[in-house]
Structure formats: structure tokens, C-alpha cells
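Next up, some structures in C-alpha cells.
There are two complexes below, and they share chain A, which is joined by chain B in the first and by chain C in the second.
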Partner chain A sequence: MSIKRIKIVPILLLLPSLLFLGIFVYIPLFQNFYNSFFNFSVFSQTKEFVGLTHFKELFDDKVVVIALINNIKYAVISVVCQVFFALVLAAILEDRLLRKFAPALRVIYFMPVMISISVIALLFSFIYNPQMGLLNSFLELVGLEQFAKPWLGNAGTAIYAVIAMSQWQSIGFITMLFIVAIQKIPHELYEAAEIDGAGKIRKFFSITIPQVKETMFVNVLITVTGSILVFNEPYILTNGGPGVSSMALAVHMYQLGFLKDNMGYASAVATLIFLLSAIFAIVQIRVSGTGKDD
Partner chain B sequence: MKKWFVLLFSVAMLSLVLVACGNKEDDKESSSKSKDGEDVVEINFFHRWPNEPRKSFYDEKVKEFEAAHPNVKINVDSVLNDSYKEKIRVLVSNDALPDVFTSWSDSFAENLVSSGRIMDLNNIIAEDKEWSGNVLESQYGGFTFDGVTYGVPFTVDGKAFFYNKQIFEENNVAIPQTYDEFIKALDTLQKAGYETPLVEGLTNTWAISHYLGTIFQRVVDPTVLEKDYVATTGEFTDAGYVKGLEMWKQLTSYMGDVSTAIDHEAARNMFIAGEVPVLYMQFAEVKMVLDGAKFDFGFFNFPEVAGGKGDQKALTGAPEGWMLSKNASPEAVEFLKFLTSAETAQEFTKTDGQLNAIKGGITAENSNPTSLEAYDIILNASATAPWFDNAVDISVADVFMRGGQDIATGVKTPEEVLEDVQQAAKKLH
Partner chain C sequence: MISVTLTNSKEHVTTSPKGSKFKPKTALSGGIIYLGLLIFAVIILYPLYWMFVSSFKSYDEIYNQVWSLPSVWHFENYTTAWSKGISSYFVNSAFVTIITILLVVLIGSMAAFVLSRYKTRWIDVALLFTIGGLMMNPQVALIPLFEILSWSNLINTHWALILPYVAFRLPLTIILIRAFFLSIPKELEESAIIDGCSEFGVYFRIYLPLSIPILITSVVLTAYFAWNEFMFATVFIDSTDLKTIPAGLMGFRDALRTDWGVLLAGMVIATIPMIILLVVLQKYLVRGLSDGSVKG
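Right after this comes the complex of A and B.
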């Protein structure tokens, strides 16, 4: 009797969430994989089986290569800026010297996270505006007008302008996660280090970093998978342009599906995105060995 | 007991989930029942003008129609140009298609029609001659496929170079008749201190397609165009395309760095402010320029290209109109007729200024000499060329438009862009 109870009840309790996950995550995932073997359009629902053609096409598609490189740029810059700088920022905010202002500063850094991405993109399109933008005006003000350029209209700078906006928005969120982790570090460790004569920088490297290692891996995971899935920022700011210079995989997928009406190929790109984020997640979980310390 | 409680609890949770999932269906049914009870018919109306003055105009028209038909409730939704193209494509793929919505002509309309969810208007047009006879017959073409008309044209348009008469006179520049004269004029203006004598908002890819469409129409042999514009036979191997893209490259060299970072509206504001002497604009924009500009302006068609194989006097421009969903109610049909009536058209001309396809919609009273001149050009054009992004398959158009940006930023050469186009075209065969 007792064995039976243990087995059935948890399963029953899990069922609602499993049902949700199944309907909204796993079934669409498999359907997407299935769709990528067909040629079909949103206008007519007849599907034509084409086998692996779409996956072969992926290798010939120059836009996919550009988008992939952009996504990697996005990931690298995000990890450096968000994870590393956010950790430094969190350590500074948790320092005794800033005790008084820390709550206010935390709110200030977290504010961008709460603003809708469309609003932020609109705001930044004004900042980057070549005619009356804040950024170019600022550069002129400090005598650096030779660096002023149409940031979003230049094939070389567009993707970096998009990435920069994303850093501004997301750093507060990662900082918040680090602050929580730092607050959980036992005070005894710092006190012992102080008695041993350790300075602030030494304490940061020898206590804070090892103690927040778990959080750091989680944050790297969040930023890297986020960078591979990124859609809103490039879509709203540049729509992948000029040309395809700031194209991201998700934007390319969306345009293939809903603009060029090539649903099957778009599904293949979606499969690629899924595989990439899954591989990155698995590698990171393996490398970091999350959960083993406990 | 405890076990039973847990079992009951989880069953309750599950049923909650299922109820939540099924809720939508129930809602629909109950609301449609109450519709029958109170006899309220809902019309979903979707257009692409969340900007003024047209937003207020259509809000007003919706109110008027609702006042005249107390049993009708109209839900209005609107998004801007490029977003509209994407959203309507998503909507047409399922039954959420709005009852009355706007559409461009030609391939854009043809794509929507291929979904099988658009209403055949032949009977409606034949039954009510009094209303349908009011629409210019020549404008139905872009909405008629295999003898079936699926849309009612409303606005008509044409694209021409708007020029600042004052600046042209000051610098002794005459209206260019040929493309070479046009380039000379731009050079003169540049020397006179106008850093960017010509400008365009190249973030709006449709603006690029308007240029390319006209250029190709002028340069490339019409029989080649006809073949290439069909998705299944398009090859884009004619030498004329390279020449056309070279012309585009030359034109963008006058637009400056800024052009790839601004949109058409910004470009128009530069023209209105007198910073830019020439801009390629639609007649739909006449009123906006009239309202803002403190100078006289005129327009000239895209100049003749020496050695071009197309009709050198043709005008680029196509009508836009209204379509109905297959499931639209008779009230929605009424609403469509209301939107395209002579009264609506006259008021529309007064508030918006864009020219329309309704007979008697444009008169000397409700319009202005500039618009009338434009209307005359449209009615008397030797031939009309559709908007390029509507004329060719969107996969090909997109490569052309993004390639146009790449040529402007100097990332790609015309030959490289054309190669990409040929690849994209081949995939459609």
C-alpha cells in the first residue's frame, strides 16, 4: 500500500505541469523538427516532403553564417560585460563603504530590466540617431567628432550598437543575482581573511569569486543561451540591416517564416537554434559540474 | 483519507488546467449566442495607419457607421506599413483574419488570395452597380486574378521626384529630362553647397524597392521583366539589372552616410526643412509636404534613361484597397461599401490629401492645384508599373532591398548583389 501511494501521488501532482510543458514546449519542439523536413507556406497548408534539403541549404546560406557570427559576438560580449562586470558591480554594491546608498543604487541598476524592450529600443534609436542623437552630440561636445557616425546605419557598427543596448539593459539583472549570492556568503570567511591581513581585492578574488561560482555558471548559462535566442533587440533597432550586417539567427528565422513565407526552411533554422542552445547548455553544465558540490 | 484528499486535489488541479485550456472555445460560443440574442454583429477592421491624419479619419468613419447601424460593433486594429505586411501574413494563415482589411495590389494581393480565405467580390460588384460603378475601372486590375476580383481599390498613387523650385531656380537647374541630366543637376547642387542633394531613408527597405522597381522598368526589356517577375521563371540574368544597380549605386553616392540610418519620414522632413532639394516621393505625401514646406515645390517623373529598353514615360505606382475575409458578414460588406463611397472619398481627400480611385472623389473644391496636377499625371500615365516589392516574390525582393542597403554602405558590389538575387530566384523554381 505504502509503496503504491508514494508512486502515484507525486505523479498526479506533477501531471498538470507536465501537461502544460508537453502542450506548450515539447509538442511544438517535435512538430518544429518534423516541419523542417517539409516545404510549406502559411497561405496553403499542403506540405511537400523534401527530406534533408533544408538542412543542406543551411550550409549554403550566407546569411546564416553572418547571423551565427553575430550571435557569437553577442554571447562573448555579453559574458564579459554582464557576468564579469556585473560581479564587480555586485561586489562594490555589497561593500561596507556603500552600505547607505546600496539599496538606492540597486534600484537604479535594476530599473532598465523592468522597462519593456520596445521602449528601450525606441529610446536607443534616438540616442544613435545620426542627426540629433545623444551619442554623436556627446562625442562632438568632448571634441571626438571624428568618431561620430551613423551607428545603426553603418554595416561595421550596427551589430555592436545593438549589443551595447542589450548590455545596458541586462547588467542590472545579473548584478541582482550576484548580490543575492554574495549576501549568502558567511561573514566569518571575510572576518578570518581580515585577521590574516587580506585587502579588499584579495578578498574579492579569494573569497567572493569561489563562493559565487555556482551563480556565475548559472549566469553564464543565462547570458549565452539568451544571446543565441536574441530577437527583440536587433529586430526592433535595425531589422537585421543595413543589408544583413546585424542579422541574428532568430530574426533570420522569423523573416524566413513570416516574411518570405518559407515555413519549412524557417523550421530548419529554428532547429539549428535549438541545437546550438542545447549544446551550449549541456557543455556548460558538464564543465561547471553544477550540483556536485552539495 | 489523506490519500483520497490528495487524489481529489490533483484531479481538481487537472480539471482546472483543462478548463483553462478549453475556456476560449466556450467564450466564443457564449458570446456568439449573446450576439444572436442582442443582435450585435462584430466587425474586425484592420488597417495600416496608426499615424495621423488617417487614424482619426478611420476612427471617425467607424463611429459614423456604428451610429448608422446600431447593431454593429467595429473593432479597429492598426499597425504601420512593414509590420502590417508581416502581421497580415500571419493572420491570413488562420481563421483570425479580420473581416475588413487593407491590401496592396498585385503579388501582395495575390499571395493573400492564395490562402483561399479572401472573399470573391464578383457578385457583390455586379449586384450593386451604383456603388461599384463609382470606382475607376482601370484600378481593379491589380486585385483581379483569373477573372475574380478580390479587392476594391481605394487610394491611387504614383512615385515622382519632388523638387524644391526655389533651390532649382537659385542654382539655375532645369528639370532634368534624362538620367544624365539628372546626375548633372545633382552635381551642380552638390557644388552649390548641398552636401546631400538627394536623400532617402534607407532603413525603410520599401523605399529602396521603389527606386529599383522604377530603374528596372526603365532599363530592362519589358518581356524580360515579365518573365523574371514571375516566381517560377525568374532568373535575373539580364545585363540590364547590373546597369540598374550601378545607377542605384551612383544615386546613393549623393545621399551621404546618414541615409542608411534614417527612415523615409526623416528624409521627408529634411526635404520640408529645405535641407535637401530633391526627394523621390509618393503623391500620397503631397499634403504632408504642402502642410510643412515654406517653399514651392513641383515634381518630375523618373527621367528617361538613354539606351533603356522600357517605356520611358511609365509611372511607378499602384492602388491600395480593401479586402474582405471569406467569413465576413453582410454588415462587413456594407462597411466596405461605406468605406469606398463617394462621400467617404471626398472627405478623405479633404483630410488626408491622398488621391483615390473613386470617381468624383477629387475635385477642385476639396483638393489643391498640386494634388490635381498629380492626379492628372496618374490618370494619363502611358503605363503604370507596380511597386517592386509587390511585383516580385518577397524572397527575391528582400535580397534586392537588403542588397540595396549593402550597395549604399559599400559592403557589396552590384554584381555580388545580383548573384545573391539569382540564387534566391533559383530556389523558387
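Right after this comes the complex of A and C.
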């Protein structure tokens, strides 16, 4: 009796999770691969097999190239701003001299992380507004009005305006991850370096950076994966426009599927997104040792 | 320098003679650093301050006097926003968020219990299955989930959000809770079983009460995700009555046209719960984000 109960209880406890993951995470993944080989529409149940056509289409699609370049720009700028700038910021905030102000500054820098992306994006559409926008008004105020422009309406600046908003929102998040990592560094290392006469900059390069190397790597991966997947920011601010100048892969996928009703090809774009992001995700899981027993 | 050392005396700060010398050069670079931190704080805070202040303004004032305080404080912007739709978005968001939290924490902790207590080949497979879930992302699942939810007639209901939210939050939640469960000493459960406690009793009476901190962390992370999620909320729900705040705000903007003060008031209302969460449960949030190291 008791032996039987012990065997059944774990299965009952584990089953709901496995079902949720199976139905809503794994089946969609495989279904997406499957869908990539078919032509179908949102409203019809029938799917027409087209083989590898959609994958060939990917290589000829100029919008995919533009989107991919934009995703890469997103990744490069985000790594420079969020990882390197955030590391310096975290190191400064953890400096003894700032003990009094650091807690308040941490909360301030972290605030945008908590706010819904749709609120942030609506707020930035006010900031970038060509008529009354805060950014242009500010440039006028400091006598730089020659730089004022319709930031989101200009094909040359739209994607950078979108990326800038992301940096504004996310720097606080990565900074917080670095702060936690820096707090774990043993104090003795810094004390020993001080006795040897090392200055602050020397300590940063010789102790802080080597000690947070792993966090840094994980943060680079988080940022790059996020940049490959980015959807909300360009979708809300520019919807990929003007034209397709600020298109990102996920926005392209959404438009192909739900606006142009080309679900099969949209699935092929989703497959491309999955392959790109999965590489980084696997590396991240291995590096951060997720699920290890220690 | 001395005052800093004094206030931190319990952290045994040993200031070397070199560090305590007050050099003009360090004072200057210190000043630049303070200025930089201050400017960055202003860049972060000013737009939020502007959103708050402008939410009390009329359209004319937002348009023509961008920087000024409102000449008349239009508190009615908030009541208008609330009655024109934000109230129902707010209730919908609260419902979706609360149900998601309950399911994630309950189901996740059950799975974490099994995955931390048993060691067989099948458990390893289940663990791998769970961790593998971290690799998936909502973007790739968007179209297939739309199909699945349409077939099952769940599309355009709150369950179209709740079920995928739970599924996508489970891997991280299970991993966080499992790591905590592993630290609970085995002797506790052994003595409980000797005292006649059932397997389920060990989970419910020993593991859960001992794990309150990590459970709060899971609640905060799930709340943060479910309250702010945008893509599923936009695609899976069509009718205005069922929309959650992030998706509802977009429709709100289109419906209001130039009633910017009201729109900004709606944005502030959407933000308040998360700021409260940040201030009250900061500790749990930060710990969760750093343990999970997974964005959003």
C-alpha cells in the first residue's frame, strides 16, 4: 500500500508541469517546424504542402536581410551600452564613497525595468514626437535645433530611436545583475590590492572584471538573445517603418502571419528566429550551470 | 572619508593611508562621477516625472507648454481614464496576473519538490525537459499557439493568456524553487515520515512553509511578467472588454486621439502597481532576477 503511494504521488505532482510544458511550449515548437513546409491561412484548416519553398524564399527576401541587420545593430549597441556601461555603473555604485547615495540611485535606475513596455513606448512616442516632442524641444532649448528631426518618421534614425529607448529601459536591469555579482566578490581581494597600492581603476580591471567574468558573459548572452527576439519595441513605436527601415525579424514574422495571412512563410521566419536564439540560449544554460545540484 | 568609514564601521573597512589622502585630482574625478550619475538619474527620472505631471494637463498645455507644470490640475483626467476603459483593463490584468501566479507557484513547486527529492533516470529526463523549456520563446510559439488556442476555442478568453503565461514561466520558477528545496536538510523529512507524515504532507507541511522567501520571489517575478506581457495579450485577445492593460493601452490611444492627458493618466495607472511592487518587495525581486538571470 505505502509503496504504491510513493510511486504515484511524484507522478501526480510532476504531471501538471510536464503537460503545461508539453502542450504550450514543446508542441508549438514542433508545430512551427511543421508549419514551415506548408501554405495556410489563419482562417482555413487546410494546409498545402510546399516543401522547402519558404526556406528558399527566406534567402530572397530583402526585408529579412534588413530585419537581420537591424537585429544585429540592436545586439551590438545593446552589448556596448548595457553590458559595458552597466558594469562600470555597477562598479561605481558599489564604491564605498557612494554608500550613502547608492541605494536611492539603484532604485531610480531600476524603475524603467518595472514599467510595461507599452507604457514606455507610448511615453517615448511623446518624447520623439516631431511637433511637441521632449527631445526636439530640449535640443531647441540648448541651441542645437539643427539636430531636431522626426526621429521615428525618418528612415535613417527610426531604428536607432527604437534601440535608444531599449537602452533607457534595460540598463538598470543589467546593472542590478552586475551589482549582485560584485557584492559576492570577497572583500579581502580589494583590501590586499589596496595594501599593494592599487588605485580604483587598477582594482576595477584587476579584480572586479576577472571576478564577474562569468556574469558578464551571461549578460552578453541575455542581451544578444533579447535583441534577436525583439518585438514589442519596434512593433509599438514604428511598426517596422517608415517603409521597412526599422523592421525586426519578429515584427516581420507577425506582419507576414497576421496581416498578410501568409502563415506558412511566417513560420519559416519564426524557425530562423528560433535557430538564431537557441544557439545563444544553449550556451547560456551551459555557462550559468542552470539546474546543477550545487 | 572619515564619516563614511564611521557609518560603515560594522563592515570592518580598513582604509589604507594611501586611500585616505585627499588628493585634488581624486576630488575632481569624484566630482565628474557624481555629475555623471546625477545626469543619468535625471535622464531616467525626467520622462517618468514628465508623464506624471502631464497626466494632469489639458491637451493644449501638453502640446504648447511641454516643460511647464499644469496651470490647472486636471484631476478628472484620472476619473475619465478610469471610466473610459482603464478600469476593465485593470480588472482583467489583475485577474490574469493572480490566476497565473497561483498556477505557476502551485504547479511549479510541486514539480520542484519531485525534481529535488528523487533521483532516477526518468527524473533526469524530466529535469532536462524543464530546463530545455528555457530555450523556447514566445515569439516562435506565437503562430502555433494561435492555432492551438483557436482549435480549443480558448482564443479571445483570459485562458488564452493564462495557460501560455503559466507554461512559459514554469521552467524558471521550477529551477529557482528546486535549487532552494535542495538546500533543505533530508533529516527533516525523514523524521516527518517516521512521525507518519505522507509524501504529500512532506511537500505541503515541511517544504512549502520553509520556502516562503523563494516562493515570494517566484510570485514577484510572475507578477512582473504577467502584468506587463504585451505580445500574447495583443494577438490572442480581440475584444476590448477582455484586454489587459498593456494591450488595452494601445486601443485606448487610438480611441482617445488627442486626449493626451487622459492617455497619460491611464499610463500612470498602469505603472503604479509595479512601482509599489518594486518598492515593497525589492529584495525578492532583485534576488530572483539575479538567480534566474533571464530577462522578462
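Throughout what follows, the second predicted complex is superposed on the first by the 260 of 294 C-alpha atoms of A that agree within 3 Å, B and C clash if a C-alpha of one lies under 4 Å from a C-alpha of the other, contacts with A are read in each partner's own complex, and residues count from 1 in each chain.
Just so it is clear, contacts are C-beta pairs under 8 Å (C-beta built on N, C-alpha and C of every residue); 3 or more make two chains touch, one makes a residue touch a chain.
Values in this document were obtained by computation on a predicted structure and should not be read as measured data.
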item: When both partners are placed on the shared chain, which of chain B and chain C touches more of chain A; value: C
item: Touched partner set for A:Leu152, first chain B, second chain C, both or neither; value: first
item: Which superposed partner A:Gln31 touches (first chain B, second chain C, both, neither); value: second
item: Touched partner set for A:Pro16, first chain B, second chain C, both or neither; value: both
item: Touched partner set for A:Gly243, first chain B, second chain C, both or neither; value: first
item: Touched partner set for A:Asn232, first chain B, second chain C, both or neither; value: second
item: First (chain B), second (chain C), both or neither touched by A:Ile117; value: second
item: Touched partner set for A:Gly197, first chain B, second chain C, both or neither; value: second
item: Contacts on chain A seen with chain B and repeated with chain C across the two complexes; value: 5, 9, 13, 16, 20, 23, 42, 131, 258
item: Contact set on chain A toward chain B in their complex; value: 5, 8-9, 12-13, 15-16, 19-20, 23, 42-44, 57, 62, 128-131, 149-155, 238-245, 255, 258-262
item: Chain A-facing residues of chain B, complex; value: 3, 6-7, 10-11, 13-14, 16-17, 21, 82, 85-86, 89-90, 92-93, 111-112, 114-116, 202-203, 205, 257-262, 266, 394-395, 398, 402-403, 405-406, 408-409, 411-412, 420, 427
item: List of chain C residues in touch with chain A within their complex; value: 1, 4, 7-8, 11, 13-14, 16, 18-19, 30, 33, 37, 40-41, 43-45, 47-48, 50-51, 54, 62-64, 66-67, 107-108, 110-111, 113-115, 117-118, 126-127, 129-131, 133-137, 139-148, 163-164, 166-168, 170-171, 174-175, 178, 182, 198-200, 203, 224, 227-228, 230-231, 235, 245-247, 249-250, 253, 260, 263, 267, 270-271, 274-275, 277-279, 282, 286-287, 289-290, 293-296
item: Complex contact set, residues of chain A against chain C; value: 5-6, 9-10, 13-14, 16-18, 20-21, 23-29, 31-32, 35, 42, 89, 92-93, 96-101, 105, 107-112, 114-119, 122-124, 126-127, 131-132, 134, 137, 168, 170, 172-173, 176-177, 180-181, 187, 191, 194-195, 197, 215, 218-219, 222, 225-226, 229, 231-232, 235-236, 250, 253-254, 257-258, 263, 266-267, 270-271, 273-274, 277-278, 281-282, 284-285, 288, 290-291, 293
